[in-house]
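After this come two complexes, each holding chain A, first together with chain B and then together with chain C.
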Partner chain A sequence: MLIFSVFKTLTDQRVTVELKNDLSITGTLKSVDQFLNIRLDAIEVLDQARHPHMMAVKNCFIRGSVVRYVQLPSEHVDTQLLEDATRREAANSNKQR
Partner chain B sequence: MDASPGIQEPFDLIRLSLSERVFVKLRGDRELTGILHAYDGHMNLILSDVEETIMIVDAQDGASSAQGVVNVAKRKLEMLFVRGDGVILVSPPSRT
Partner chain C sequence: MSSLQGYVDRRVLLVLQDGRAIVGVLAGYDQKSNVVLSDSKERVYSLDEGVEEVPLGLYLVKGDMIILIGEIDEDIDRSTDLATIRAEQLPPIRY
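Presenting the complex of A and B:
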């Protein structure tokens, strides 16, 4: 849930999603769900020459399970807040068991 | 649960590495080092100041299958979300 919240705070930012098939797509993050499925608008494929079939695609939905990395805009990530939230979530999940 | 500090479960090791530089081994002959800022139960991670190392093994022609040239590609990334299903291990490198 924590990471889901992080992505929600990053909507309308430019992110680069690297897929497990090595395709890298930069786009504007429009929405995200609990599975970390991602919708991107105004996309650009990093290596156009290697993926010519992606040239006509302007926006897309990416299934969460095929994502390897997402490069985030570091100026929009509050690292201190993240660490506190992570500790809080870890403490909560310990309590439940 | 006992309130004593220290390590009771594996995830505690990762929790104590928050805001420290960690080493992450991933599927597909990839390794990362970066400062850990967040994780969850899937081992999804958020790291900053990341260096990624990709090992590319090219099998040499005529050589036995065990031999090959290992090419290492490195790149740096500012802030990175890593999906947990690719993670093999997380370790605080300074303590190894």
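Presenting the complex of A and C:
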């Protein structure tokens, strides 16, 4: 749930998504849902010459389950806040048990 | 919510887990991103010859099989001559 919130704060930023088929796609993050499915606009495929399959595709929906990595713009992630939120969430889930 | 609503009735490209690419008009979808395509064709890429289009008709694709759904810009798609494109199939996914 935490990571979902992080992604929501990153909408309209440029991110690079590496998929489990080794394709890397850079695009403007448009939206995310609870499965971490991702909508990207103005996409560019890394190594377009080798992968011309998506030449005519300008925006896409990526299934969360096939994402390997997402490269985030570090200046837009408050890591301190993220650490604190992670600790808070861990503390809460310990309390519940 | 990052839904597929904006893609209904548009021509889309589906990339599947085994590396296949299917184009068609998005007729419908559900919560699990199961998808129905009408007038769909598989695009078979190879290094030896141009892209071959295999007609599939009305096609239902299970959500688990889907890697990516992209909206096709009709103008760009029309202006590309598939017969001249040489490329490998997209790689299948590896965990």
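FYI, the second predicted complex is superposed on the first by the 97 of 97 C-alpha atoms of A that agree within 3 Å, B and C clash if a C-alpha of one lies under 4 Å from a C-alpha of the other, contacts with A are read in each partner's own complex, and residues count from 1 in each chain.
In this text, a residue touches a chain if its C-beta (ideal position, glycine included) is under 8 Å from a C-beta of that chain, and two chains touch if they have at least 3 such contacts.
All figures in this text were calculated on a predicted structure; none of them were measured in a lab.
Student: Pick one for A:Leu19: touches chain B only (first), chain C only (second), both, or neither.
Tutor: Touch status of A:Leu19: second partner only.
Student: Look at A:Val70 in the shared chain and tell me whether it touches chain B only, chain C only, both, or neither; answer first, second, both or neither.
Tutor: In the superposed model, A:Val70 contacts chain B only, not chain C.
Student: Mind working out whether A:Ile62 is in touch with chain B, chain C, both or neither, as first, second, both or neither?
Tutor: In the superposition, A:Ile62 contacts chain C only.
Student: Check the residue A:Asn94 against both partner chains and state whether it touches chain B (first), chain C (second), both, or neither.
Tutor: After superposition on chain A, A:Asn94 lies in contact with chain B alone.
Student: Counting only touches as set out at the top, which of chain B and chain C does A:Val6 meet: first, second, both, neither?
Tutor: A:Val6 contacts chain B only, not chain C.
Student: Going by the contact rule set out at the top, does A:Pro52 touch chain B (first), chain C (second), both, or neither?
Tutor: A:Pro52 contacts chain C only, not chain B.
Student: Regarding the shared-chain residue A:Asn37, is it in contact with chain B (first), chain C (second), both, or neither?
Tutor: After superposing on A, A:Asn37 lies in contact with chain C but is clear of chain B.
Student: Which chain A residues contact chain B in one complex and chain C in the other?
Tutor: 20, 65
Student: Give every residue of chain B touching chain A within the complex, in rising order.
Tutor: Checking each residue of chain B against chain A gives 1, 9, 11, 15, 18-19, 28, 35, 37-41, 44, 46, 48, 77-83, 85-86.
Student: In the complex of these two chains, what residues of chain C are touching chain A?
Tutor: So the residues of chain C touching chain A come out as 1-4, 7, 13, 15, 17, 19, 21, 33, 43, 45, 63-64, 66-74, 76-77, 80, 85, 87-88, 90-95.
Student: Once bound in the complex, which stretches of chain A touch chain C?
Tutor: Those residues of chain A that touch chain C are 19-23, 25, 30-33, 37-39, 43, 50-63, 65-66.
Student: Quick check on the complex: what are the chain A residues that touch chain B?
Tutor: My answer: residues 1-3, 6-7, 20, 36, 64-65, 67-74, 77, 79, 82-83, 85-87, 89-90, 93-94.
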